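This report concerns only the one structure given below.
For reference, chains read A, B, C and D in written order, and residue numbers begin at 1 within each chain.
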Amino acid sequence: MSSADSLATPTWRGDLDDRVSKYLGRSQRSLKLVRGRETVIYVILIASGLFSLLITGAIIYVLAIETVSFFKSDEVTFANFFGSTTWNPLLGGTKSFGIWALICGTMLVTAIAMSIALPLGLITAIYLSEYAPRRVRNVLKPVLEVLAGVPTVVYGFFALMTITPILQWLHGGFSVYNAASAGIAVGILCLPTVCSLAEDALQAVPRGLREGAYGLGATRFDVSVKVVVPAALSGIISAFLLAIARAVGETMIVALAAGSLAQATFDPRQQVQTMTGFMVQMASGDVSNYGTEYYSMYAVAFTLFIMTLALTMVGNIVRRRFREAYE
Amino acid sequence: MSDPTTLANEAAAIEPRPRDGRQTHFTHSREQTSEPTTLAIRVRDLNAWYGDFQALHAISLDIPANRVSALIGPSGCGKSTLLRWFNRMNDTIPSAHARGSVNLGDTDLLSRTTDVVDLRRRIGIVFQRPNPFPKSIFDNVAFGPRLHMKLSRTELQDVVEWALRKAAVWDEVKDRLASPALGLSGGQQQRLCIARAIAVGPEVLLMDEPCSALDPASTLAVEDLIFELRRQYTIVIVTHNMQQAARCSDQTAFFYEGRLIEVGATTTVFTKPKQQQTEDYVSGKFG
Amino acid sequence: MNLREQTKMQSPAEFDSDSKGPLASIQLLSGEPRRKLDARFRGLCVTIAAVSVLVLIGLLGSILLQGVPSLSLTLLTGGPEPDPSEAGIRPAIFGTLWVCSLCALFTLPIGVATAILLEEYQPRNRYGRFIYSVIQLNISNLAGVPSVVYGLLGLTAFVSMFGLFGSRTSQGGGLEIGVRYYDQFFSEGMRSILVPVSDPSQPVNKLVNGMQGFDSRGNQVAINVIPIGTPLPTGDELRYTLYEDGEAGRITKKAWYHFSLPLGRGVLTGALTLMLVILPVIIISSQEALRAVPSSLRDGALGLGSTPWQVVWHVTLPSAMPGILTGAILAMSRAIGETAPILIIAGIVYISRAPQNLMDDFTVMPLQIFNWISRPQEEFHAIAAAGIILLLAILLSFNALAVLIRQKLHKPLS
Amino acid sequence: MAVSLPIDRSLRRNRILFALVVGALLIAGCAERDDGFGGFDGAGGANMELQGKIDIDGSSTVFPITEAAASRFRKLFPNVNINVGVSGTGGGFKRFTRGETDISDASRPIDANEFSAAVKAGVRAIELPIAYDGLTIAVHPKNDWVDHLTIDEIRKIYASGDEKSPAPKLWSEVRAGFPERSIEPFAPGTDSGTFDYFREVTVGSKSSLRSDMSTSEDDNVLVTGVAGSPGSIGFFGAAYYEENKSKIRAIPIVNPETGKAVLPSADTIQSGEYSPMSRPVFIYINAKSVARPEVKLFVNYFLTNAAEIATAVGYQPIPASLYQHGLANFVGRKAGTHYLTPEGEKRSGPLVEVFQEQNLRETP
C-alpha cells in the first residue's frame, strides 16, 4: 500500500472517509451490461450441457439408421439375428447373422473376467476400507491407480505374450487365442474399477454403524462382513454392474488375445469372438462400405450399446439411490 | 481492541456488561444522531416455505435505520430464514419460496423483477463462520469493489484500507495485505469478512450469528465493532446468545416456531417482556 | 444379537430350568473362533492385496524384460519401417501429441462448462430439475459406453460426415481452408519448380518456355523448355530445364490450420472422437472438484452482490482448479492410451511422417503398438514392448503430475 | 499393336532420369554438391526437392512390398510423404475407385464390378503386376502326419460341407492314417485377394469355404494362430511363411498336372511348378495421379526395383520382360485390365499369357 506511510498521521480518518464516500457515491458499473454478459454465458453453459444429450442422440441415430439398413437386407431376418448361434457374416454359402455366437463369446470372457475382478476387487476394497494400515494403503492405492491407468492395448500384449504361454504351459489344450487369457486380462483391468467403486460404497457407510458394532464386541471381520458390507450392498452391486459393463465393452484385449472365431462355446480354452472383437475385425478389414456384412457391424454395435447402457443405467441408478440414502 | 486475551476480558465477555454503561452509550448515540428513527426494512405478512415446510408464519416487522436489531429465538425458529430473505440469499435454495412483502425503502425485496445482484450490494451479509476467499487479504476486501465500481488502483487501495479500518482489523493486517486471508485467526477472519461486506458501501448489514464460531476475545472485538458500525449502517443481527443481543442491540425481536412472538426495545424485551414465552426464553427456561 | 440366538438354541433346557433369570446361566461362546476367522480373513486380504501388487510387478516386469533391449534412440526418431532395426515410433508420438492436445482443447471448455452448469446453476423449476437429472444420468451413462462405439460414431459423424460432403481425395476439393495449390514440375536437374495456382479447379498448367515458377527456396525462376532430343545444358541452367513433354502435378501446401470437409481420417477427427470418449470423464471429475468447494465461499461472494458467473469465475473455479486439472490430466492419460476408436476411424497404416496439419493422416502410439503386436516377428514384439515402455513412461509421468498438482495446489479452502 | 516409338523414347528417358537420381545419391557429393541452393542434403544424399504426398491402400499381402518400396523411396526423397493403408484388396479398391487413393495394392486382379465402378467414377487404372506370391499351406511344426496334400484334400478341409458330408472336424476324416486330432483351420478374411484366389483354385468361385474357421485380414494373425496349436492349418502369402519359417511348416502340394508334390520356393513358383497355388500380385495406379512427378518417380522406382524388393520381403519376382511391359504401359498411361474380356468375363491363366498387349481391355 503506497499510501500507508502518509496515513500514519492522525488526520487520516477524515481524509479517507471523504475520499471513499466519494468513490462509493459514484455511479456503479452498468448492471445491464453485467446482465447481458450473464445471459450469454448462461446460454453457452446450457449449450454445453445439452451437448452431452446430443452425443447420446447421435450415437442412437447413427446406430439405429445403419441397423435398420441391416435388417432391411434380404440376407437377414430378426429370427436369424436373435435366434441363431451361428455368426457367419463373411464366409460360407449362406451368411448367417446369429448374434448369440458373439454374445456368447462376450459373456464367456466377461464371466472369466468377473470371476477374478469381483471377489478380488471386493475383498481388496474391504481391506482398504476396514483393515489396511495407512502404510499399506499408501502402497496399494497407487498400485491400483497405475493398474487402472494402463492402456488396454498393453493388457492385450500382456495377455498374448505372458498369460497365454503360461496357460499353455499349465495345460496343453489352450489354443493360442483363447477366452481364458483375454478374460484374465480383462479381469485385471476391471479390478481397480471394482475396488475403487466398492471402496467408495464402504466409505459411505456412517461411522456410527461401525462404532455400534465394535461397541458390541464385534471383531473387524464381523464389522466389515456382517455390518458394513450389507449396509453398502446396493453400492457394491452398482460397482459390480459398472465393472461388468466395462468388461462387456472392452475391445483391444479381446481383439488381440481372444481370437476371431465366433462360436457359441463355454470352453475357456477355445478361441471366441466378442462383439467388440468383431467390430475391430470389420474396421481393420475395411469391408466394402455397402454390404450387409458392413451394416452387421452397426447391428452388433447397437446390441452392445443397449447391453452396456442397460448395465450402466441400472448401476448408476442404484448407486445414486445408495448415495442419497447416506448423504 | 485486540488486547491480549486476559482472564478479566474473558470474564467481561461472559458476564453481561453493566446495563447502565450500555444504556448511556445508546443514549449518547441517539443524542448524537438526534433525528427520529427512520424505517429501513419493512416486513409485512411474510410467509416462507422450504418445500412444504412452512418456516415463517405471517411475520410483520419494522427494522429501524441506523440501529442494531437483534433477532433471537431457539434453533429452527425462523430467524435466519427471515434474515436470508432480506437479501434473497434463499434464492440459492431451490425449494425456498415466500409470500408477503419485504421492502427496503421503495424496493420490493421479494419481487421477481428486483435485481438481486444490486440488492445484495445494498444489503451486505456476514455469515456464521468466517468465509474469506482463498485469496490475499487485500483481494478479499477488494473483491466487491472490483465487481461493482470502476476504481483506479490507488482508489481501490483507499477503499480497502478504509474498509479494514472500519472493521477494526487494519492495524493487525496492514503489514501483510498480500498474504493469504486464510492465515488469519478466526476473529480476524470474521472482521475481514465484515470489512469485505462494508467495502461495497451497503446500506444494511445482515449478520447471521457472526460470533458463534469465535472465541470470547474475538467475540468481544466483533461486538465492539458492531456497536461502532451502527452509526453508519442499519444492522440486523441473528444471535443465539441473549447476552450478545442485550449488549449490542437497540431493538430485539423474539421468534418461536416460525412466528414473531414479541418485538420491542431491547431493554423492554429483556426486562419486561409482554409474552410468557419470551420471558421463559430470556430467563433461560428453554432454548 | 446373533450370538444370543445361537446360545439360546444350544441350551434350551438349561434356559427354562434356571430361576435366577434367563441370562445368568448362559454360557458365553468363546470369542476364539471369531478371532480366528478375523485373522484368517485378514490373511486372505493381505494375500490378495499382495497378488494385485504382484500382478502389476509381473505386468511391468514382463514388458520391461521384453522391451528394454529394444529401447534405443531409433525408437524415438524412426518411423514404422519394415526393417525392425530401423523401426521407430516418432510419427505416432507426434500423432498422439497432436490428437491429444487438440482433444484437450475441445474437451476442457465443454466439460468444465457442463460441470459448472450442473453444479453452480440451480435449475429454476421442476421442468429444469428434470432436464438436469436427465443430463446427469446421461453423462454417467455416457461414461460407460464402450469406446469402440464412439469410434463408430466418429466414423459416421466426422470421417464421412454422413456423406453430406462427398468424399475426400488426396488432392483436395470441396470446401477447404488454409491450403495453397501449386503445380510441381520436376526438372531434368532434379529440382522442384512450383507454379502457384490460384483456382484449384483449373487444369494443370501446360509447360511453356519461360514460364515463371518458384524454386524450393522461393526464388522466382523462369522455366527453360527444350525440344525432345536436344542435349541437356550443363551447370545452373539444368536446374530449370525441362523437355517439352514435361508434366506438372498438382500438389498442395497446407497450413497447420488447414481445414476441409468432410473431415476424413485426419487428426481433427481423431481429436473429436477422443473428445466423445473423455468428455463424460472430465465432466464428472470437474463436478466432483466443484462440489468440494465449500458453499460458504459461494455465499460469501453472492452476499457481496456477485452475479452467478462472477461467483464461478472469481471464487468457485479458482478454488476447484487443482481438482479440475487433476481430473483433466487423468482423463488425458486415458485419451493417450485409447486405441479402439482410433483403430475404427483410421485403421492401421504405414505413416512415416508426423502430422503437419489438422487434416493430415496420423497414427497414435497405442495403435502403432497394436500394429507391431499383431505382426508375427519376434523383433516387432520386442519393439512393441519398447513402445509400451515409452507409452507407460508418458502415462506414469502424467499420473505423477496429477498427484503433484493435487498436493501442491491443494490448499484448505475453509 | 507394337510398342510405339514415343513411348520407347520416353521409357528410355525415364530410365535415364532414374539412373541420374540413383547415381546422384550413390556418389552424393560429386554429382551436384549443393551450392547452398537447398537442393541436395549432403548428409543422406537425399533429394529434398521433390514434394508431395502419395496415398496407397489395399491388400495386406502386397503391403510388405509396397511398404518396403515406400520406405526405400523415402530415403531418396524424404519430402515425399507416402501413406500405406491396409484395408484388404476389396477395401482398397473401394477407396481407389472413388478416387481417394493414388495407388491400390491388390492380391488379385480388379473384378468386373470394381472395374465398372472405376469407369463410372472416371478413374483410369493402370494395372501393373509386381510379383508372384505363392500361397503357402502351413501347419504347426509339431504336426508330423501331413507330408503332402492334394488339391482334393485341401478342398475337403476347407470346403463348406453339406448334410451328406460335413466339413471335417478331425484330421482323421481327411485321409485315412491321420490322427484323430481336431482341425483348426485359419484363413485370410474374405476381403483379401488371397481368400478369393484360394477359393477359386480349391472349391471354385461358385462354392464357398467353410464358415467355422478363424479369419483375419491380417496375415500375421494367421501365422500366429497356426504357430499356436498343433492341430491347426492355414494358408497365406508365401512371404509370411518366409518370415516365420521357424514357427510353422509349409506343406508340399501335389501339382494336379504332373502329380509331383511341390514345396513353394523361388524356382517352383517362377517356373510354374508350384501350381495352382501361386499367383501374381498387382498395384493399380490412378492414371490421373501419374502426371504428378512424385507418383511418377515412385512408380518408376517401384517397377525398376520390384524384383529386388519383392525378393527381399519374401516374394518371387515376375519375369523381367513383364516388368518391361508394365513399365511401358505405365509410361504410355495405358489404363485398363488384362483380366476382363471385352464382354466383362473374367480371364484367367498364367501371368505371361494374360498380361499381353492384345488382352488389355482399356478404360474408355
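Convention: a residue touches a chain if its C-beta (ideal position, glycine included) is under 8 Å from a C-beta of that chain, and two chains touch if they have at least 3 such contacts.
Predicted, not measured: the structure shown is a model, and the values here were computed from it.
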{"item": "Chains in simultaneous contact with chain A and chain B", "value": "C"}
{"item": "Centre-most chain [mean C-alpha coordinates]", "value": "C"}
{"item": "Pair of chains ranked first by number of touching C-beta pairs", "value": "A-C"}
{"item": "Centre-of-Cα separation between chain D and chain C, whole angstrom", "value": "35"}
{"item": "CA centroid of chain B to CA centroid of chain D, Å", "value": "87"}
{"item": "For chain B paired with chain C, centre-to-centre distance based on mean C-alpha positions, whole Å", "value": "52"}
{"item": "Distance between chain centroids, defined by C-alpha means - chain A, chain D (Å)", "value": "43"}
{"item": "Chain C, residues touching no fewer than two other chains", "value": "307, 347-348, 374"}
{"item": "Contacts with two or more other chains, residues of chain A listed in rising order", "value": "34-35, 284, 286"}
{"item": "Contacts with 2+ other chains: residues of chain B", "value": "117-118, 121, 147-148, 200"}
{"item": "Pairwise chain contacts, counting only pairs that touch as defined", "value": "A-B, A-C, A-D, B-C, C-D"}
{"item": "Residue numbers on chain B that touch chain A, as the complex places them", "value": "115, 117-118, 121, 145, 147-151, 154-155, 157-162, 165, 174, 177, 200-201"}
{"item": "Chain D residues within the chain A interface of the complex", "value": "85-88, 90-92, 94-95, 160, 184, 187, 189-191, 207-218, 221, 224-225, 227-229, 232"}
{"item": "Residue ranges of chain A touching chain B (in the complex, touch as defined)", "value": "1-4, 7, 13, 16-17, 19-20, 23-24, 26, 28-29, 31, 34-35"}
{"item": "Residues of chain C touching chain A in the complex", "value": "2, 31, 34-35, 37-38, 41-42, 44-46, 48-49, 51-53, 55-56, 58-59, 62-63, 66, 109-111, 113-114, 116-118, 121, 134-135, 137-153, 155-157, 276, 279-280, 283, 307-309, 330, 333-334, 336-340, 343-344, 347-348, 366-367, 369-370, 373-374, 381, 384-385, 388, 391-392, 395-396, 399"}
{"item": "Footprint of chain C on chain A - complex, ascending", "value": "34-35, 37-38, 41-42, 44-46, 48-53, 55-56, 58-59, 62-63, 66, 120, 123-124, 126-127, 131-132, 136, 139-140, 143-147, 149-158, 160-162, 188, 191, 217, 219-222, 224-226, 242, 245-246, 248-252, 255-256, 276, 279-280, 283-284, 286, 297-298, 301, 304-305, 308-309, 311-313, 315-317"}
